[in-house]
Amino acid sequence: MKSPTIIALLHGPDQPGLVSRVSSWIFLRGSNIVHADQHEDPEAGIFFQRVEWIPSGQIDEEAAAFEKFASQELGMTAQVAQSTHRPKVALFVSKIDHCFHDTILRFRSGEMAGELACVVSNHQDLAEDAARYGIPFHHVPVTKTTKAEAEAEQIRIVHASGADLIVMARYMQVLSESFLEKAGCPVINIHHSFLPAFAGGKPYHQAHMRGVKLIGATAHYATADLDEGPIIHQDVTRINHRNAIPDLIRKGRDLEKSVFAQAIRLHLDNRILVYNNKTVVFD
Amino acid sequence: MKSPTIIALLHGPDQPGLVSRVSSWIFLRGSNIVHADQHEDPEAGIFFQRVEWIPSGQIDEEAAAFEKFASQELGMTAQVAQSTHRPKVALFVSKIDHCFHDTILRFRSGEMAGELACVVSNHQDLAEDAARYGIPFHHVPVTKTTKAEAEAEQIRIVHASGADLIVMARYMQVLSESFLEKAGCPVINIHHSFLPAFAGGKPYHQAHMRGVKLIGATAHYATADLDEGPIIHQDVTRINHRNAIPDLIRKGRDLEKSVFAQAIRLHLDNRILVYNNKTVVFD
Amino acid sequence: MKSPTIIALLHGPDQPGLVSRVSSWIFLRGSNIVHADQHEDPEAGIFFQRVEWIPSGQIDEEAAAFEKFASQELGMTAQVAQSTHRPKVALFVSKIDHCFHDTILRFRSGEMAGELACVVSNHQDLAEDAARYGIPFHHVPVTKTTKAEAEAEQIRIVHASGADLIVMARYMQVLSESFLEKAGCPVINIHHSFLPAFAGGKPYHQAHMRGVKLIGATAHYATADLDEGPIIHQDVTRINHRNAIPDLIRKGRDLEKSVFAQAIRLHLDNRILVYNNKTVVFD
Amino acid sequence: MKSPTIIALLHGPDQPGLVSRVSSWIFLRGSNIVHADQHEDPEAGIFFQRVEWIPSGQIDEEAAAFEKFASQELGMTAQVAQSTHRPKVALFVSKIDHCFHDTILRFRSGEMAGELACVVSNHQDLAEDAARYGIPFHHVPVTKTTKAEAEAEQIRIVHASGADLIVMARYMQVLSESFLEKAGCPVINIHHSFLPAFAGGKPYHQAHMRGVKLIGATAHYATADLDEGPIIHQDVTRINHRNAIPDLIRKGRDLEKSVFAQAIRLHLDNRILVYNNKTVVFD
């Protein structure tokens, strides 16, 4: 049995002694650091740290005390998580199902530090599969004219499910800026190209037209600017002139599953800090 | 000792029996096919073939006879090369030297099916190194106002050297449309990004700004549209938040060397066919 | 709708004119080659070819005629398949389920040119999941003392299912030489290391002990020599000192799924020829 | 201009508060940590740390004081380096020259935090090239009967050159256990396979015979057990049935150059700790 840990993600203006002050605070409370990683962006003058420790005292109190210490004494922004807390995740899908199955099976296998709370879809195609997996399925049709109400309904479902994270498993609708604000939690999207190449629709068709020799997939946090959010993870695979568009789609499915899963895992493990539309990934 | 071979690159409108007609023509002249590879683009209706054979007769005559057969009887465009012919290559450089050294060393090691004819540079920095390698070095300064004359001088040097191919080893000037026309031979360029992402100047800075997780390099044939020519080869390498721009440049150098070398090798081995601003690479 | 095709895999002693004779035979019957790929092993003096064509005549007759032509006139061994025939596959599993789910989902998605006929397992853990997927599940317990009878029962199930291929999705028993003979069909296994490194049991533990920087997976045809059969496909992924054995197992799962799936797909697409305990893969 | 830094590599028995004690020691002396990375091997109970800081005081004194603190107060083994110190490197070669040129060019380009002190070879083939690069070249022929004297001469040369590191750029002789002891400095070797697969001679021939689908290269510290030393870095590249042994050798050269260079760079950047015949690489 692993001991429960506190994981803090800190960032803020760089200043001398931060590593020492953080580690000493933890040590002096009788706690034991199990991992610590830090990074400075010298151009931006920002310090980043991920530190994980086994608290000697009561875990909630220690977490709260650290948050206060970080903000009041260090002037840093801190996200403090506990390893025993398992965040809830809302899975958005349309009809394409490879990321849907892959994500659910990874949660089932214990690979993810969280729980799937619900599936939300604008189509009914995956309702039966979701039921077999025992995950609540919500069908919210979206049309041009009903988009605002549909998003309100989605927000209601997400909030009722207690989700701390939304993941878009090839969900084929653009979420509005208003949705992203009201959701109040991060949204991870998987785009089927090596961004910034081939943003927008039909990236495999764009890639085929341009004659690239590698295709890619990109997991990023969704922002109001489509396909422009902070990139979490990317990967590519080799293609050749024999590969027609269906081959690109087939090869791309494996990339999308793997890149999407990595991004969700890194997020749930509290390994990602966002700043200046980029990510620091402590892996 | 390998027997001399003829290598033909054919392309043209798809029609039934092409594989049979080509292979039978070769067989009936008592020659022996050592490699044959073909490809159809069903959308474009184009047939592509690379076929290599040991001719039974006199090699020049056989090559000429095949070219006539391909164009007159099959209605195909054919580039016919002989393995004993070693094409001459003009190497364009500026000050950055990693692709310069790498390319020359690969030619020296016998890895390339051709010979370096000359080095052309708009700076004198690599003159001494070129001399040590025993390769004629031509300094042709280029300024905004002298570009036309400089290009005329470069063309003169290239033609005098007998070059069949120009390779731009991080040559930092854009070649004009007029240069490309007058050169009368293909030009291979190495761009330090995964095109079409980060075309234009300072791609590593662009990549750093965007926060991508992989950087790339792309070798392509130069065309009048900058960074838009047919892609020959691409590769990527992983980066992380610890990598500042100098790290990207360092990691990128290895990519550039390797991708550039592959493209030159594939070209000299007569493995590349260009159509619709894309390449078919028979590797 | 794609036209039905015949796919022939040929191999035998190299001799002049083979490409011509095969392509002419097809052309003269009014049929049209859609793909052709050949390879010579000059050391072994063996010629290999994969050729696919749309027959003009009745497909069964054309296939039979070609087989006769290949063996009697060319003296080659030919495996002749028809694109409309969908081979049946028996899936062997134990308790570990990632390759099990992944393989089934790929068959369901239409990615594989065949059909799952049955699941055979020495444990009951995956019976319910197999039922949900609608695939017959056969529980055949295996102990040291009952291995012979168990294998006889497995053979009976495989034959009754009509399976043309057995795939071992992390099936944790060694199949005996006698089983492999009686099965009468190829068996593809996935080994969780980069063979020939770390053959045998617990390869991730062996890799961790040795301190390698990459872990791998290998799909191969099972033979009487454990982990020594012809390799079909391999891949690796990077690890570092932070990765404990559970991390290797997690990362390895993705490798195993992907490598296993590639091997099955290549086999069902009739792209693999075996000789001298190696494979020629026409991809 | 970067400020001079001290880099300490620490390892020893894990104990609470190590991160805090190290960072506080540095902070309390008015110095500023620029990087810190740590790792625990929970099975072995060992703590590892790489910490780099800008000392406020005189750099030699600070380095010495830290070394004393680490050993006497923490009971840790510490290697303490200064960023302004540029270690000297002895390059051992035979006739094969790709790693030779590549390594020298990387040192010349400023990519390596050290300096080439000398080239030692059992052949004279590369004497002229070494001279052109301006690096002292020592020819020490080695035969079965003269091996002991030859090694004594090599040791004398290495010591006279002041080398802190020996790198074997495809040096084709096995260094004896006695040599490794007397050298008194680490030795990095590049082996042209993905170890532990294909240890010993002619690994590309072994790989070709076995029919693997990937070939590799491994950089490791040389120990008395041939090809069994701690692995620093590894990489692989894909091959196929078309690749004969010369193709494997050509593809392998690129792997060897890149893997060897990475290992040397990581070593000179003080990023490698060795324990239990494995490495911790803080990259």
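For clarity, chains are labelled A, B, C and D in written order, and residue numbers in each chain start from 1.
Everything that follows uses one rule, which is that a contact is a pair of C-beta atoms (placed from the backbone, for glycine too) under 8 Å apart; a residue touches a chain by one contact, two chains touch by 3 or more.
Everything numeric here is computed off the predicted structure, so don't read it as measured data.
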### Query
Out of curiosity, which chains are bumping into both chain C and chain D?
A, B
### A-B against A-D, pair bridged by the larger set of C-beta contacts
A-B
### Query
If you average the Cα atoms per chain, which one ends up farthest from chain D?
C
### Query
Any idea how many Å lie between the Cα centroids of chain A and chain D?
38
### Query
Approximately how many whole Å separate the CA-defined centres of chain A and chain B?
42
### Query
Which parts of chain B, given as residue numbers and ranges, touch two or more other chains?
none
### Of chain A, residues touching chain C in the complex
97-98, 101, 105, 109, 111, 132, 250, 253-254, 258
### Summary
The residues of chain B that touch chain A in their complex are 39, 41-42, 194-198, 210-214, 216, 230-236, 240-242, 244, 276-281, 283
### Message
List the residues on chain C that touch chain B in their complex, please.
### Response
16-17, 19-21, 23-24, 26-28, 32-38, 40
